[in-house]
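Both complexes below contain chain A, partnered by chain B and then by chain C.
Let's turn to the complex of A and B:
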């Protein structure tokens, strides 16, 4: 195998591949990226056995072939090469080496045979549809902060993507929760998606997927089966197993009867929460919200380190209320609001609180209060 | 000239009289000039040493014998069941070779007529509190190591008490004997390490002194396993380096010991010279709370394991509640039939002291490890402790029943506080 490729194209392809590779690996071949050169393009393939990414890049292929090489080493080398360099990769299968040449730099890397590289079995997908990158980006970006890291509740370690009924008919919905907060984000159902089985997309896959979604104009081909999900652009294909578990019935968690309505500028609110929570050194910083007629007092009282208080002008016309929250959770949900005011709906100081953007029902957040 | 050198501080452990310049008799066993007793203690540094270690003699067994005089002359072993190990053996049983931490079946081979009692931890804890109160009268600087032993630093208390530390310590053991019917042994020296070594020198009812001047001589030929914390594993790695006694240690440079044994090496270097710079610290914070139980028979029955887990969770929770603390990390410990220990831990979002949360969290860990049974031991614990004001502050969206269970648990606690632990219990406790 021998081909030459522009450094920028190579870097883009290799960096996507190496981020899938697990840092601590007990199986040597999983640390490698499979490079396959044929025709006018080169494929870079990496896997951790749960996720597989295949990245294509145009190249001048002199001799077709394939080999595998340590993904992180290759990535580091390419990253350090000067911009605009032309890189020549040559595999010497007899010596078991891959040489990387650029200008006067020359590297020789150990390889492992391509036959040893595990390629994820292709499977039949139940449903395939196409969705704009911007739509998927919103669905996952606004929900992923709520994904749990708790291993005992592994079925919460991902974003639940499914088709749901909303007021205006069927929607494509992403839900994530860790038991303390929950995000429920809806988007118009793309054509052809209606029969999609609900799947829990693992946290790592969500992170990898994000890199496919930067381009607003891109259309993403989505394929879903009971066990796998695939997201593809013309250059990159990301295939992932989904979490084998049942996502809990989240609908009963979302409070419907909360009547105390607070409307506040989300940015001002987030800044104030951030400021007052500075005085607390505890890991779970509790912020107290005292609501009165058109005023909100945020306060933190940490006996060991100090106290802070800040008042905000808000729209609130219901009975006064005192309620506490984890500062981090409040900041995270407030930062999801980017167009209108944040609307909070409270019940009592012990019940879950609902937050949304204006009257937009397509992005709803629930957060559990904290005793203060 | 001769006569002046030969005077020495002394104290009588029977009548508690003391003399700064007692003159030993030319011949014969020294007797107390006041009461004529033989338990006379003299040492050149007797009244200038102030770091002490007090260790009760066969504490659990002594409490049982005190509470049931019919046991007085019988060999008595405190420990758990046929499968458990010996917690404490009374001195009668020790003569027959029974030792702490020995497997119970072996102890019973050596001493088939022994009376075996299960430990009554609540009783021992109450007695320990009484002893602690007596120690509090001596000095505020007390570092308890367990229910039955503690370091005391009596430096600077002589003016207050009108007597040197050595005398106050003799009064302490006397008071324990008179008021509680229990005996203890005292080690008095110039640091913690030597005080602890000394208290073990002539148990029971011992009182040993290791002075500064004699430290080097005393340690020279002693084995290094004398050091608290040198177990069989450390002993083995020291053996490989050719270190058996303290004199072997003296041949090593500090840098070499540190390079070979890490921070332990540095400590060994100083201990070999009789130096121990740790201070007696009164408020050694509790780092974890845990409880474990060894089964009568190995089991992999989920129902039985579940019952044990709930009981352990309740005990840990009760101790956390009593101390006013909560923990963020829940640990599950299992010992397999081949004695291999499995531990699984998990961090909670919110620290807890509730038995229900502890049980459910540990249960999830148990579910993951269950296939590796059968097990002979199960335990659970809480660590990463915080004051309970920070505990259980937030509910779980996905578990709306948690709050009513928490209320039930608080109500149960209130009932138990009034009517005792047995007054109310969950059905699964009986499994």
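Let's turn to the complex of A and C:
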């Protein structure tokens, strides 16, 4: 194998591939990236056995072939090469080395045979559709904060992507929850997605996927089966196993009968929550909300360190109410609001509270109260 | 005690004071900042028993007095208050509380009596002089990287500031070393500094001092005794104990007879060292320098992962030489060069190497070789 490639194209491809590689590997080949050169193109493939990323880059291939080399080392080298450099990669399979040359720099890296590299089995997908990057970005960005990190509840360690019934008909929906808070985000159902099986996309996959979604103009090809999900742009293909478990029936958690309605400027609210929570000890960051007519008082009482109180002018016309929340959870859901006021719908101080952005039903958040 | 103060002035004063407070304190009062209001001014004082910072800020003092309150909590609160806010601080000594009010925010913080606060004893200084912030910044910035972190060699855990003889007469000199590398930085001796006892300024003090030195126009009042050093601007006074030990006779370490002279673009050199060291295992980051006529080859050989080599065009006219260094040390001294080429003076592959910026004798670095 021998090919020349522009440093910028090589860096982009290797960066995206290497980020899926786990830093600590007991299986040496998993630290490597598989490089395959053929035609006018080179593929960089990396995997952690659950996720596989394949990046394609244009190159001048002098001799087709393939080898594997340490992903982070190659990435570091390419990152440090001068901008604009032309890089020549040459595999010497007899010596078990890959040579990387650029200008007066010359690197010789240990390789492992391509045969040892675990290429993810191709599989049949039940459904394939296309969705704008911006739509997928919103679905995952607004839900991923609620993903559980508790390993025992593995079926909550991802975002549940599925087709659901909403008021206006079927939607593409992402839901995440850790039992304390829940996010439910809807988007118009893309053509061809209606038969999609519901899948739990693992947290790490959501993080890797995010890198494909920055380009507002991009269309992402999505393929889904019971066991795998694939997201692809022309240059990058991200394939991931999905979590083998049943996502709980979240609809039962979403309160439908909450009638006490608070409307508040989300930014002002978040800042006030952040301020009053400063005095509390880090463990139990409980914030009390006292609601009266068009008036919200946020308070924290931490016997050891002190107390804090702040009043906000809000829109509230229902019966007065006292309710407590974890400050972190309140901050996280308030920071999801980007266009309108936050609307909270309360029932009693012991019941889950619903939040949404204005009257938009396509993004709904639920947060459990805590005793204060 | 009661006073009003602008949020920006309060934030600046509290930030600088709180940074000296250790995050983990077994003595509760050391987590606090002492606030003293009198006249048209408020003082914020914090200490870790070795360093004391006093910050003054203008304020409208309604009732003079003093109290102490958790430094990080106060800092966090003030940081989160809206820009432009007027903040009112009121001490209620009967209740043991300090109230912090701004707009509709209201905080009540637990206090400890001012009497418990360990104010550093004032002492007589042997020498006082004034030096431009830029001069002190250069002295400490260029030397501090070489400070040892080995606690057993406590006398190397700081920068040795003293008066020394140089070619042009007496200079104000800062030296730091960890036994592997050494930095010796000189500046013109400020008027009145000649009788100064040599002091080892602890690493943490150097870090705190750095915050006083950003303003190029500022003049810093420096006071030195055998046991303490003080740096002051009109608003801030930083007092520190100095390390009670004898700094070794560094002059014996600085090679005088090195004649093999390499001149190299410092930035290009540093980038090349950084690149070739990528392949080496993290433990022994040894880089080999092979010097021939106007030619430098940097190389690293790491049997497990690979090898790297890079050639640089340099100015070198002496006998060829092979010598090895720790890549990190080479990078650190090369990054000190900001104006000119780096000039290295070698003796043999087993002897300490000297580096300076061009022909400037006022900043000299020594680095020990390692076997490669």
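For this structure, a couple of remarks:
In this section, the second predicted complex is superposed on the first by the 371 of 372 C-alpha atoms of A that agree within 3 Å, B and C clash if a C-alpha of one lies under 4 Å from a C-alpha of the other, contacts with A are read in each partner's own complex, and residues count from 1 in each chain.
Rule of thumb we're sticking to: contacts are C-beta pairs under 8 Å (C-beta built on N, C-alpha and C of every residue); 3 or more make two chains touch, one makes a residue touch a chain.
Quick caveat: nothing in here was measured; it's all calculated off a predicted structure.
Partners chain B and chain C, brought together by superposition on chain A, fit side by side with no clash. In the superposition on chain A, contact of A:155 is made with neither chain B nor chain C.
Once the two complexes are laid over each other on the shared chain, residue contacts for A:371 go to chain B alone; chain C is not touched.
Of the two partner chains, chain B is the only one touched by A:350; chain C is not. In the superposition on chain A, A:125 makes contact with neither chain B nor chain C. After overlaying the two complexes on the shared chain, residue contacts for A:307 are found with chain C alone; chain B is out of touch. When the two complexes are overlaid on their common chain A, residue A:248 makes contact with chain B while staying clear of chain C. With chain A used as the common frame, chain B approaches chain C to a shortest CA-CA distance of 10 Å.
Residues 70, 73, 76-77, 80-82, 97, 104-110, 271-272, 274-276, 278-279, 304-312 of chain C are the ones touching chain A in the complex.
Note for the complex: chain B touches chain A at residues 346, 349-350, 361, 364-365, 368, 390, 392-400, 403. Per the touch definition, chain A reaches chain B in the complex via residues 150-153, 156, 177-182, 248, 252-253, 282, 284, 286, 324, 326, 350, 352, 366, 368-372.
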